[in-house]
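Letters A, B, C, D, E and F mark the chains in the order given here, with residues in each chain numbered from 1 onward.
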Amino acid sequence: MATRSDGRSSDAPRKILIETGTQRFPEGSLIYRSGKTAVLIAASIEDSVPPWMKGKGRGWVTAEYEMHPRSNPERQRRSRSRGNLDGRSSEIQRLIARALRAAVDLGALGERMITVDCDVLDADGGTRTASITGGFVALAMALEHLRVRGLVGPGVVRREVAAISVGLVGDKHLVDLCYEEDSAAAVDLNVVATASAEVVEVQGTAEGAPVPKADFDRLLELGLGAIPALVARQREALSACGVELSRLMA
Amino acid sequence: MATRSDGRSSDAPRKILIETGTQRFPEGSLIYRSGKTAVLIAASIEDSVPPWMKGKGRGWVTAEYEMHPRSNPERQRRSRSRGNLDGRSSEIQRLIARALRAAVDLGALGERMITVDCDVLDADGGTRTASITGGFVALAMALEHLRVRGLVGPGVVRREVAAISVGLVGDKHLVDLCYEEDSAAAVDLNVVATASAEVVEVQGTAEGAPVPKADFDRLLELGLGAIPALVARQREALSACGVELSRLMA
Amino acid sequence: MATRSDGRSSDAPRKILIETGTQRFPEGSLIYRSGKTAVLIAASIEDSVPPWMKGKGRGWVTAEYEMHPRSNPERQRRSRSRGNLDGRSSEIQRLIARALRAAVDLGALGERMITVDCDVLDADGGTRTASITGGFVALAMALEHLRVRGLVGPGVVRREVAAISVGLVGDKHLVDLCYEEDSAAAVDLNVVATASAEVVEVQGTAEGAPVPKADFDRLLELGLGAIPALVARQREALSACGVELSRLMA
Amino acid sequence: MATRSDGRSSDAPRKILIETGTQRFPEGSLIYRSGKTAVLIAASIEDSVPPWMKGKGRGWVTAEYEMHPRSNPERQRRSRSRGNLDGRSSEIQRLIARALRAAVDLGALGERMITVDCDVLDADGGTRTASITGGFVALAMALEHLRVRGLVGPGVVRREVAAISVGLVGDKHLVDLCYEEDSAAAVDLNVVATASAEVVEVQGTAEGAPVPKADFDRLLELGLGAIPALVARQREALSACGVELSRLMA
Amino acid sequence: MATRSDGRSSDAPRKILIETGTQRFPEGSLIYRSGKTAVLIAASIEDSVPPWMKGKGRGWVTAEYEMHPRSNPERQRRSRSRGNLDGRSSEIQRLIARALRAAVDLGALGERMITVDCDVLDADGGTRTASITGGFVALAMALEHLRVRGLVGPGVVRREVAAISVGLVGDKHLVDLCYEEDSAAAVDLNVVATASAEVVEVQGTAEGAPVPKADFDRLLELGLGAIPALVARQREALSACGVELSRLMA
Amino acid sequence: MATRSDGRSSDAPRKILIETGTQRFPEGSLIYRSGKTAVLIAASIEDSVPPWMKGKGRGWVTAEYEMHPRSNPERQRRSRSRGNLDGRSSEIQRLIARALRAAVDLGALGERMITVDCDVLDADGGTRTASITGGFVALAMALEHLRVRGLVGPGVVRREVAAISVGLVGDKHLVDLCYEEDSAAAVDLNVVATASAEVVEVQGTAEGAPVPKADFDRLLELGLGAIPALVARQREALSACGVELSRLMA
C-alpha cells in the first residue's frame, strides 16, 4: 500500500494516546489523542433527565462539542461571544450523542443523564470520530462508577462503539485522514460501528465529484475494517484504570 | 413486494407534485409535495458573495430550512422566539446546501450567491430529501434566469441531484418513508445522488440495533434505484415552466 | 372617479382570492391574496392559555406576523438570524391580534388559545390588513372546528371583522393602496371595522404634511365603506368550505 | 361637564410640569410630568446618520422608549435581561419617532441624527403622549443648540407637535386618561397633532365593543381641541430656558 | 493641602445632594448627586426570593447598574441593543450588591428580596461609590417601609455602609476623584467601609506603575477617613424624610 | 504557625505544577495547577488590534475566563447555552486582563493583540489568581515567540506579575485559600503584585463582618510576602522551556 506524508500506509489509523483522569470531578475524564488531534473529554452523571423524559424510567445520553478558541492555527471567537452554537458544532454534537446512545441500554441506565463534553484542544482532522471513540471510554468510566455503587448492572453497555474517517484522496482510499488529507479528499466518510463491524451511523459527502457506489463500498469496508483495532485500544485504556467492560455488558 | 399502509410497494416513492410560481420575487419558486409532505421552496439570487469569498471569482449556494410552526400536529414556537436555530434544522440546512452545491459549477456561477429557502408547510417524513429534490428545481429556475440574461452559460449545472430516504422497518427495506414508517424504522438512510446513481451524500443512522453491512448495502442500492424517477419528475416540472436543463448543462 | 395605475377606481379594493386548506394540521388554513399581496395564514388551537391567564376560564387569541425572506424584491435575512423580531413586525402582529380578539368572545372560547400565524409570501402593500381580513377567516374555521366537537357554541364569534387601508395620494383619496401608491401617500390609514361599519381600530399616519380633520374624516369614511364587501368575501370563502358564520354568532 | 376621580372636567388635561436641564450632556434634557406620569427625556445630537442614509444630505430623528423597572406598582425585569425589547415598547418608540420627525425638516437638519430617549419614571397612563409632547421640547432644545452654532437655520422646525389621549369611559368622552380610566375605557385613542389641529397620527383601539363613527369623530375632535393648550405649555417651557421657537421656524 | 481644579483640598469629597422621593412606586427612591455625578436610585421590595434561596427563611439584596445612554459626552447604545450587559457594568453591580448586603441582616429581612436599581444620569467619576452611598439611603427607606408595617424589627440594618474613591495623581493622594482626575490617576482605589472605618470591600488598581505598599496604605487611610462624613450625610437625608436609622439598628 | 486541613502552615501557598506545551497552536500554552485547582491557559498572538485602538502604534492584552462545565462537583451549563457570560466570569476576566497588561509595555508590543484564554478544568479555590500567575507564564512564552522573530525587543516585559489569595478564617490569617477555607472566610483578598512586592491590584471583600484596617494590613502583607516564591516558580517554568525573562525585560 502507498505511503502517506506521515509515513502511514493507506489503511493505518494514526497513533492513539488515551490519558485518563485529567479532571477531578467528571465520572469519566480523559484526553484522547489521535496523531496531532487532541480532545478533552468528560462524562458527567446527573440524577435527573430532561423534562420531556421524566417518569418514563429511562435515561439519556447527550453530548456537547466545542472547539477551544485556539485549536486551529488562527484563534476563533468563543461560541458564547457569537451568542449561538455554529451549525457545524451543532451537527457534530448531535452525531456524537446518537453514536454514544447506541452503546447504552437507556432503560437499564434508569432516570439519569450522562453528558459527554468534548472540547477540542488541537484539531488536525477527525475531531468528531475522536470524540466518539474517546467518548465511549469516558462513558464506560462513568457507567462503571454507577455499577460499583450498585446503580446499574451488566447489560447497561449494549455494545462497544467506535468511529473512524475514511476518504478518497486522488485515487487512493485512505483511512483516518489528517487535516491536510481531508482538505484534499474528494469523498469524506465518517463511519461509526461496533466491534463486530455492524454499522451504527454513516455520513459521507462527496465534496468534489460524486462517486460510483463501488468506491463508496470500498470506503465503507475500509472504515469498518479499522474499527476492531480502535475497540482494542478502548479496552486497554479502560483496563488500565480498572474498568472491565465485561462487567458492564450482558 | 409487500404492501404498505398507503398501498405502496416497498420500492415505490410517494406521489410527487411540483407547483411552480408560488411567489412573485424569487427567481425560482415552488411548492414541492411528496405524499402529505409539503415544502415551500424559493431560490433567490444576490449579486454578491459572503465576505470570506470575495474576489475569488466564484459563487456560492446556501440553504435555509425552517419548519412552519404548524407543520406538525402540535404547534411549535418559531425559531425567532427561541433566539436560536435548533440543532436539527441547522444540521438539515447544511445537508441541503452541500447537496445543491454539488449540482453547480461555482466558478461558472461567478461572484453571486443563490440562497434556497425551504419552509416546511406540512411534515410527514422526508422533509430534508424533499427540500433537496425540490431545491434542485428552484435552483435550476434561478440559473435559467441568469442564463437568459447572458450571465451564465451551459455547464453552470454540473449534474442533476435528487434525494430520497430509505429505511429498514421490521425486516422490510422500504423506500421514501412516511412519518409513521420513519418512527418505526431501525435504520434510516438519506441518499443524495445523481441521475446516473453516483453518490453525493449518504447519511444513515441505526436508531435501534446496528445493522450488518449487507443490510446497509441493500438500502443504499434501493435508494440509488429510486433517484432516476425523481430526476425525471424534476425535468418535467422544469420543462413545464420553460426551463430545459440541457441548456444549463455542458 | 379617477383611474389608477392598475385600472381601479379610487374606491375599489383589489381583487381578493382566498384558497383554503393549504396546510394539513392548522384548524384554519389559507392563502389570502389581495392583488399581488399574498399571505399564508394558519389558525392553530391549543388547549391551554399563557401562565398569566390560567384559571380565569377565558381564552386568548394571539398572532404572529413574519415576512418570508423573499416577499420583497430584495431578499431579507430571517428574523431568527437577527435574533430579534424587528419593530415593524412586532407592531403589526400586535395590531392583528387586537383586531382578531375584537371578533371573539374570549369567555365563550374557554381556556384555550388560538394562534394566527401570518407569513407574508408576496408583499405589495396592505399586508397587515390582508392578515386581519384573512386572519378572521382562518379564525372562524378554527372556531367551527371547536363547534362541531361541541366545545363552543353560538356567540363565540361576537362580530365579523375586516380591515382595509386608505390613503391620500396627491389630492386623491384612495382605498386599498398597493406598494407604489403607499410609497407616494401623504397619509396612510389602516381601518379595522365590523360589517356594520363600526370602528375596531384606526391607525393613521401623515408621513408628509399633517392633514386637516376633514381629509381624515373623508379617508375614514372611505375605509369604512369598503368593509362590507370584504365581509361578503369572507362569508363566501367560509361557506365554500362549509363554515356558516351564523352558527358561530349569537 | 362631569367630574372625574381627580376632579377634572371631561375635557381637561392633567396638570403639566416641565423641568428642563436634568442631565448635563444631552443637548435637550427634561423631566415631563403630566399628573402622576413622569418621563425623563433626553435629546442627543450625533454628527452622523445610519448607514442606509449616508450621502443623501438629510438628517434623521429617532426615539427610544423604556420603562424604568419600577415605573409600575410591581417591579419589572429590565429589557436587557429579557435580551429583547418587548412588543409594546417597540410599537411605542416607533410612534414617538414618527411624530417627532413630522416636526422637523430633515433636509434642513443636514446629515446628523437626533435620538430622543424617553425613560418612563412613573406610569399613570399617557406615557406615550407625554413622551411625544415632552420629546418635542427636548428636540427643540437640541435644535436651538445647533442654531446658535450656525449649523441649522429657521425652518428646521416645520411645525409644533403635541399628543394627547382621549377615550370613551362608560358613555363619557374623556381627554387625557389616567391609568384607572384607561383600564376602564371602551375606546382609547391617541392623537398626535399640530397647533392648528391638523392630524399627524391617530391610533385608536376599541378594546371592548366597536364604536360608531360618530363616537370616533367626537373623540378625535376632543383630542384635537386639547392640543393648543399643550403647545402653549411647550412654548412656555422653551422660553423659560431661552429657546424661542420662532427662531427655529420659517 | 494642595488645591484641585475645582478648588477642593486633597482630602475633601465633593458636595453631596440627596433628593428623595423622585419616583412614586419604589419603597426607597432618590437622586444622589456628588459634584457633577448624578445617579437615580430606586429600592424595590418583592415578597419572594430567587428559586435557589427559597425555604431558607432568609432574604436577599441585589443591585442593577446601568448607564443612561447620554450619561457621558458621547451617546452610547442601550445595553438592551447590545443584547448583553457589558463587563464593566456587570462588575460594578456585583460590587454594589455585595456592599449593600453587608449592611443588612438577611435573616432578619425574612424571605423577601430588595433590588436597588442604580441608573447613572450624569457621569463624572465615582458612579459606583455614589451608587453604594446613595443605595444605602434607598435601602434604609425601603426597610423603614417594612418596619412600619411590622414586618422587620430593629437589627435588620447591621451597620451603615458608604463608599468613596481615592487615587494617586502625580504625587498627590486625592479623595473622591472626578473623571478628569480619575483618568490621570496612577492608582485608583474604591473603599467601601462602615461608620467606624472598618473595611467592607477594597478594590484598587494601579493603572500605570505598581505602587509600594506604603502608598497603598496612605490611600486606604485617606479613604477610610472620608467615610464618617458620608455617613453623616446619609443620616441627614434619611431623617429629612422621617427615617431614623436607630429604629432599624439593634 | 497553625496547621491546616491539608497540613500547610498558614503562610504556605499550595504546591504549584506548571506543564507547558499542552496545545500545539497557541504561542504560549500550559496547564497551571495549584493544589487541586487546574487551569488550561493559552496565549494567542494576533497581528491586529481592536478597531478602537487602530493606528496608535500600541498593542493590547486581553483575557477570557471560562469554567469547564464540570470543573465543579455539579455540572454547570456552558456559557453559550445561557447566551451570555455570567457576571462572575466577566468580573474575573477583566481582572486577569488588567493584571497582565500591567506586565507588558504595550507600546513596545506594537499593533498586535495577545489573548490569554483561561479555561478552568478543576476548581478548588484560587482560580483567578492561578489564571494570573499562570497567565503571565503563557504571556511570556508568546512574547518570546515574537522576540526570536525580531518583532519585539528587551523591555516588552515591564515587570513580573503574580497573584495570590489571602483570607481571614476564624482568627487565622491564611494564604492561598482552598475552596473549603474560602467558603468559611470572613474576608477574602486577592493580591496582584510584582516580584518587588509592589501592588498592582487588590480586591478584598469582607463577606461576613467588616474588618479593622489592622487585619486588612496584615492580610495584604501576608499576600505580598507570598509573591516572590510564585515569581520564582514562573521563572523556573519559563527556563525549562527555554524562555529567559532577562531577554524580555529592559
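One rule holds in what follows: contacts are C-beta pairs under 8 Å (C-beta built on N, C-alpha and C of every residue); 3 or more make two chains touch, one makes a residue touch a chain.
Keep in mind the model is a prediction, meaning the values are calculated, not measured.
Visitor: Of the pairs given as A-B, B-C or E-F, which one copies D-E, with over half of its contacts the same by residue number?
Guide: Equivalent chain pair to D-E in A-B, B-C or E-F: B-C.
Visitor: Averaging only over C-alpha atoms, locate the centres of chain C and chain D and give their separation in whole Å.
Guide: Inter-chain centre distance comes to 28 Å.
Visitor: Between chain B and chain F, what's the gap in Å when you average each chain's C-alpha atoms?
Guide: Centres of chain B and chain F (C-alpha means) sit 52 Å apart.
Visitor: Approximately how many whole Å separate the CA-defined centres of chain A and chain F?
Guide: 34
Visitor: Which positions in chain C touch two or more other chains at once?
Guide: Residues 83-85 of chain C touch two or more partner chains.
Visitor: Put in order round the ring, from chain B and then through chain C, what are the chains?
Guide: Result for the ring walk from chain B toward chain C: B, C, D, E, F, A.
Visitor: Where on chain F does chain A make contact in their complex?
Guide: My answer: residues 22-26, 29, 36, 38, 40, 42, 44, 46, 64, 66, 68-73, 75, 78-80, 83-85, 115, 117, 119, 121-122.
Visitor: Once bound in the complex, which stretches of chain E touch chain F?
Guide: Against chain F, chain E makes touches at 84-85, 87-88, 90-91, 93-94, 98, 102, 159, 187, 189, 193-194, 197-207, 209-213, 215-217, 220-221, 224.
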